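Notes follow once the structure below has been shown.
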Amino acid sequence: MMKKNHVVESITKERMVQLLASGKRLDGRALDQPRNLNIETGVIPKANGSARVTLGNTLVLAGVKIATGIPFPDTPDKGILMVNAEILPMSSPYAEAGPPSEDAIELARVTDRGIRESEMVDMTKLGLIPGKSVIAVFVDCNIMNVDGNLFDATSYAVVSALRTAKMNRYVVKDDKAVATDELIPVPVERTPVSVTIARIGDKLVVDPNSEEEASMDMRITITTDDYGNICASQKGEASTISPEQVLQAADTSISVGKAIRAKILEATS
Amino acid sequence: MAGTKKLIDENGIRLDGRKWNELRPIKLQVGVMKNADGSAYIEWGKNKIMAAVYGPKEVHPKHQVLPDRALLRCRYHMAPFSVDERKNPAPSRREIEISKVIREALVSAVIVEDYPRTAIEVWVEVLQSDGGSRVAGITAASLALADAGINMRDLVVGCSCGLIGEQVVSDLDDTEDKEGNGDMPVAIMPNLGLVSLLQVDGVYTRENFQKAFELAIEKGKQIYQMQREALTTRFFGGEAQSTEVEEAAE
Amino acid sequence: MAGTKKLIDENGIRLDGRKWNELRPIKLQVGVMKNADGSAYIEWGKNKIMAAVYGPKEVHPKHQVLPDRALLRCRYHMAPFSVDERKNPAPSRREIEISKVIREALVSAVIVEDYPRTAIEVWVEVLQSDGGSRVAGITAASLALADAGINMRDLVVGCSCGLIGEQVVSDLDDTEDKEGNGDMPVAIMPNLGLVSLLQVDGVYTRENFQKAFELAIEKGKQIYQMQREALTTRFFGGEAQSTEVEEAAE
Amino acid sequence: MMKKNHVVESITKERMVQLLASGKRLDGRALDQPRNLNIETGVIPKANGSARVTLGNTLVLAGVKIATGIPFPDTPDKGILMVNAEILPMSSPYAEAGPPSEDAIELARVTDRGIRESEMVDMTKLGLIPGKSVIAVFVDCNIMNVDGNLFDATSYAVVSALRTAKMNRYVVKDDKAVATDELIPVPVERTPVSVTIARIGDKLVVDPNSEEEASMDMRITITTDDYGNICASQKGEASTISPEQVLQAADTSISVGKAIRAKILEATS
Amino acid sequence: MMKKNHVVESITKERMVQLLASGKRLDGRALDQPRNLNIETGVIPKANGSARVTLGNTLVLAGVKIATGIPFPDTPDKGILMVNAEILPMSSPYAEAGPPSEDAIELARVTDRGIRESEMVDMTKLGLIPGKSVIAVFVDCNIMNVDGNLFDATSYAVVSALRTAKMNRYVVKDDKAVATDELIPVPVERTPVSVTIARIGDKLVVDPNSEEEASMDMRITITTDDYGNICASQKGEASTISPEQVLQAADTSISVGKAIRAKILEATS
Amino acid sequence: MAGTKKLIDENGIRLDGRKWNELRPIKLQVGVMKNADGSAYIEWGKNKIMAAVYGPKEVHPKHQVLPDRALLRCRYHMAPFSVDERKNPAPSRREIEISKVIREALVSAVIVEDYPRTAIEVWVEVLQSDGGSRVAGITAASLALADAGINMRDLVVGCSCGLIGEQVVSDLDDTEDKEGNGDMPVAIMPNLGLVSLLQVDGVYTRENFQKAFELAIEKGKQIYQMQREALTTRFFGGEAQSTEVEEAAE
């Protein structure tokens, strides 16, 4: 693995902390201001749904593939949802080819939980023949360029791809699930929005870029739904957070999430 | 997620007889393994978990050496017989993620700067699994670190709270975790008053989020007392005796 | 291999309206990725492929260092959603072989002697796959190398020709590749007039072999003009603009 | 891998060989005396059977899981038995995390053979629907602390877990195997006992601990059944054994095995 | 990996290029002359077909195993053919044990293509029950000694093993494929022959040995069928070839291939 | 284990016509491979096994170097076509265990102290498998070591004996191994009179155990004579000639 330049990093951090004390960030954003978010959907026509998301310079492409599958024994009448992520070796000088890293696994699982726990997709509508056949929804995420905050960019890409995905309507004939030609949307019920907050020095900043991530002590991701409920969270990095900052982060996630949800809805309706 | 059906009755009593804010029985033992530099065993509800620590020791492979501090390694692993359906012994994606968050929860408590260029290994083996195995694992692991004589800023102790319907409850067992409406594992450094692990599943109103989170911290502090007793027993009360603490219903 | 049925009609027109020797639409963009030292994006028919280059950089692990030249690494990889049936993300035997032939097609164009003891990495990611993805990948990858400022003897450009029945055709799409009678991917260094990749599938008479091979070279030279324009746009015409070249039917 | 201290080892070995010449061992045991054996069963209630075995400071936990499975084509009416072992990284400073080592594979296979070859479990009683469905018995062994002689400790744990395991009785209805609520024991017929003997210098010692294993040249494991038959053996380590010592080891295994069998039966009846 | 001796190699290459200028090779062969080819079939009676091929000192053993399998969804009525190769660690000082290397994968895939694209085996005759059951033909190649030109030696071994393979005739009874005792040949229609040509300096030589491969810049393999058609090709190594040399190589492959085909037919009829 | 049914008849004759203490035909060839430093090929019943040796050679990776002796590596591997049902080429648990016991059986015969800091590699490839492949592999491998000129204390030679019902028999073939009542592979160093491999399967009375064990040693000594002849042929009688020894019925 290539070593990062720790000298430059520590000088950068010093400057960053000075600025934050006066409520400013190196790239000019306010503390609770996410970077520019751009969402393009339908970019991979061969997929059932897809979205290309840029959050600042972080670039994620999510693709949805839908097939029939065998349900899990404990949920015989519910569909299957799988979220997978690969941090492509092209995405940064530090990424490597090979089996999914610990970071990629955490990224996929946290994204998955945000979707699953918010009950974004009504899984009961994906059942076909109880215990035998259900609809399986695979969402694969290609992390193509890394400039911090993969959690949010990946989550927005997955949500946007699912919101615009189309699948064949299935009918059950002679105890077999048969695809019809009719295309229908995936049964999406909510729009969960992930908001990631980093602590640099003692300040919380929304949507950290790579430079800020190199200086952060702690990261917390909170996913909220359309009703301002909190439906998933993951604290990360080798540092702690005070209980007060957890609650502050929750409030920030709700308010910032609302604005981002509006953008996602606009791009995917 | 199937809803509230019988997990809690009209009098607020849960399937196993607990009130909303009660803990399951917890039993702690420190210094139970012969070879490990430090170890602790926890029984918490039906969880049976062994944590063991080796180190500080030489780092292999060399290129992972950190010049200014110790490298903390952590593996959370479930025995194949620990769950209802036999688990493949190879590490699952879930185990890889939990290993990461446990490591991150512990590393800020360890004074890693005191052990430059070394490795400290934390092995958490779930022998029988119930709800809350990761917080039970952290609770045991921080005792094992202390048992190994590793310098620490504070112990780390975890508790998971969550939701049954819209009712906030403490310390979900396996059934409540699977059929309830939310699970929130929290680990804290009790003396420093800081949170070192936080994960959330489920759908919480802002109010319930705060209630569950604060309950987890409160319960964590209670378990911390048991940790202290277990260490006292270890260092002053003979070797590897068991600290069994059954909480009086509140 | 199912034969000629409707892939080409009595007037020599293919399913998508092309004549036997026409190319599908090609779109090239250079310098599209922020982190990579060089990058290029290609759309070719339904292919959507990103190529990115890092390097020259330090070689890890060290024992792979070449004392007198650069080590060229190359990975051709298909996104799980790039094909009709979801593809397992782990590299298939097909991807491993194609990575090898792409590397061999590119390495003779790079002046590797100029960068001893370093690594140059070429990452080709197929976001959507159609017939001819390997030659499209090579075409983009050599632009990404140029964009990274790597010294090169020539660009590398590829085109695949093949057979529908006994008719030689240029640039097979996915259906023609699967149901046609042969596929011949060719990569050339256009100024040096040399072939750096050649693979053949199908059954060709000696005459058809030569015809298809020479057609692939001719088409490659045509695509080379698009590469030049894309580089010109990149270095003189502003950043990451798209070079869309639709060929007039001949 | 951590290096062992070869200087200390060679001094220890010298002292050990001197003592053995006068029939003594460093820890005071007689040459044919195994260490203290402690067996606790039913320690993992979620498993169908389990046993925690300490042999001196060697600690092994075995758990039995029982499910239905598809029989092997060449034994359509016999159940399936699988023994697996993991030498946990916590078990010693030399163990490592990762896929099963050569040592762990040998350990599992030798333990498996001792059980299988002695016909401890009547596999024909585990058939359900010939060629379609049989009972599959998985025994997983967690090696938790290593102080020598994993073979015997693991074998005792597996035998004890199987002897006390309970499984659902199955009935066949409409060509399907259905579990009833009735719990019945696994059909155990014999109690195979493994005895491992090490050669240090020219002496054979029973149940070597880690210190003795570091000094041994050769190791031989012999499993005997209730009738004094020999049903499995494995010679190990990079040295040889004379034919006379093989026969001596066989006799020792039979006699020592008898005493250990009595202990196992006591702990599991 | 063991390092090759580059000094010796470069002296050898110099001498080789000098000789080639006068149309000679170090081992006395003409430029278009392959080494001695020896084919022995039926060497592994447990396999459905087998061949031991030596091409100079390159030694390959191919074995065919035939079973029933489930067809691929897009070819429901066609059999399955799989070619696999392992470059055994015993085959050369540079080979290593472990999962298939990039070279072994390329070797297997190029050999497979030569067989498949030439339509050597009539796959439609390997269908049994459309969409449910077909005959699966596995060809495994053990590369046992490496002295250059694995592509051709492996291809000749596979072709010879397939040409002499026998399989059970299957009949369909009650919608099940049942093997009869009757042994019939695999439905072989053509005899594809692979010819590999290396460029050393500016000369093309047929069937390079290891010494020549160490000095070659480029390698091209061309497979031709009984009618002089070209049905597969693979250019290899990190150098280029001129269009003229491609056509020259094609012609050489056709003519050399004809002589080799005669040898294969002789050895396998 | 299905019992005695027809494996041996009332006259003590086995399915293939052998008496209880006869060997199957054995054929040995030494020095058959071109690249290997030493090699031997064995046919024993239906077993066809190639053993090859490389070394002493440099150790990679370096951290495996043994400062005072050679590192002996050994792989026992079965070709996919060597058994009735095609075998997955990846090493099975069985192959990993057998590789270990073969290595342990050979290493005490090699004077490893003569080659400090080097590796000696022994590759055993089963081309066709029958009962007793591991002892056949050892028998060939020790010849390959001798052919490579590696200093040895003695050759190693193996034979497997076992049970059909309560009858001790020598050298079980595949059917006898699967349907008989016990298999006992033994390897010896014949001049030193020592046992370097012993594995036992089945149920033996103490008496039968000794009888089978001693029979295996006796048969091993007999095969050792064939090893000597094969080496004599190799070094004095021309290259890679075959030593075919069919034992007269006793």
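Observations on the structure shown:
A, B, C, D, E and F are the chain letters, set down in written order, and residue numbers restart from 1 in every chain.
The criterion applied here is as follows: contacts are C-beta pairs under 8 Å (C-beta built on N, C-alpha and C of every residue); 3 or more make two chains touch, one makes a residue touch a chain.
Because the structure is a prediction, the values reported are computed rather than measured.
Looking at chain B and chain E, no chain is in contact with each of them. Steps from chain D to chain E, minimised over paths through touching chains, total 2. Rounded to a multiple of 5, the Cα-based rotation taking chain B onto chain F is 120 degrees.
The chain pair from C-E, E-F or B-D that repeats the A-B interface, sharing more than half of its contact pairs by residue number, is C-E. Chain centres here are Cα means. That of chain D falls 27 Å from that of chain F. Distance from the chain C centre to the chain D centre is 58 Å, each centre being the mean of its Cα atoms. The mean-CA centres of chain A and chain C are about 32 angstrom from one another, to the nearest whole unit.
Looking at chain D, one finds that none of its residues touch two or more other chains.
Counting only residues that touch two or more partner chains, chain C has none. Chain contacts in this assembly form a single closed ring in which each chain touches exactly two others.
Each chain touches its neighbours in a single ring, whose members, counted from chain A through chain C onward, are A, C, E, F, D, B.
Considering their complex, residues 1-2, 43-47, 50, 57, 59, 61, 63-65, 67, 84, 86, 88-93, 97, 99-100, 138, 140, 142, 144-147 of chain D touch chain B. Within the complex formed with chain B, the residues of chain A that make contact are 74, 102, 105-106, 108-109, 113, 117-119, 220, 222, 225, 228-243, 246-247, 250-251, 254. Across the complex, chain D is touched by residues 33-36, 39, 46, 48, 50, 52, 54, 57-58, 60, 75, 77, 79-86, 89-90, 121, 123, 125, 127-129 of chain B.
Residues 1, 93-94, 96-97, 99-101, 103-104, 107-108, 182, 184, 189, 192-206, 209-210, 213-214, 217 of chain C touch chain E in their complex.
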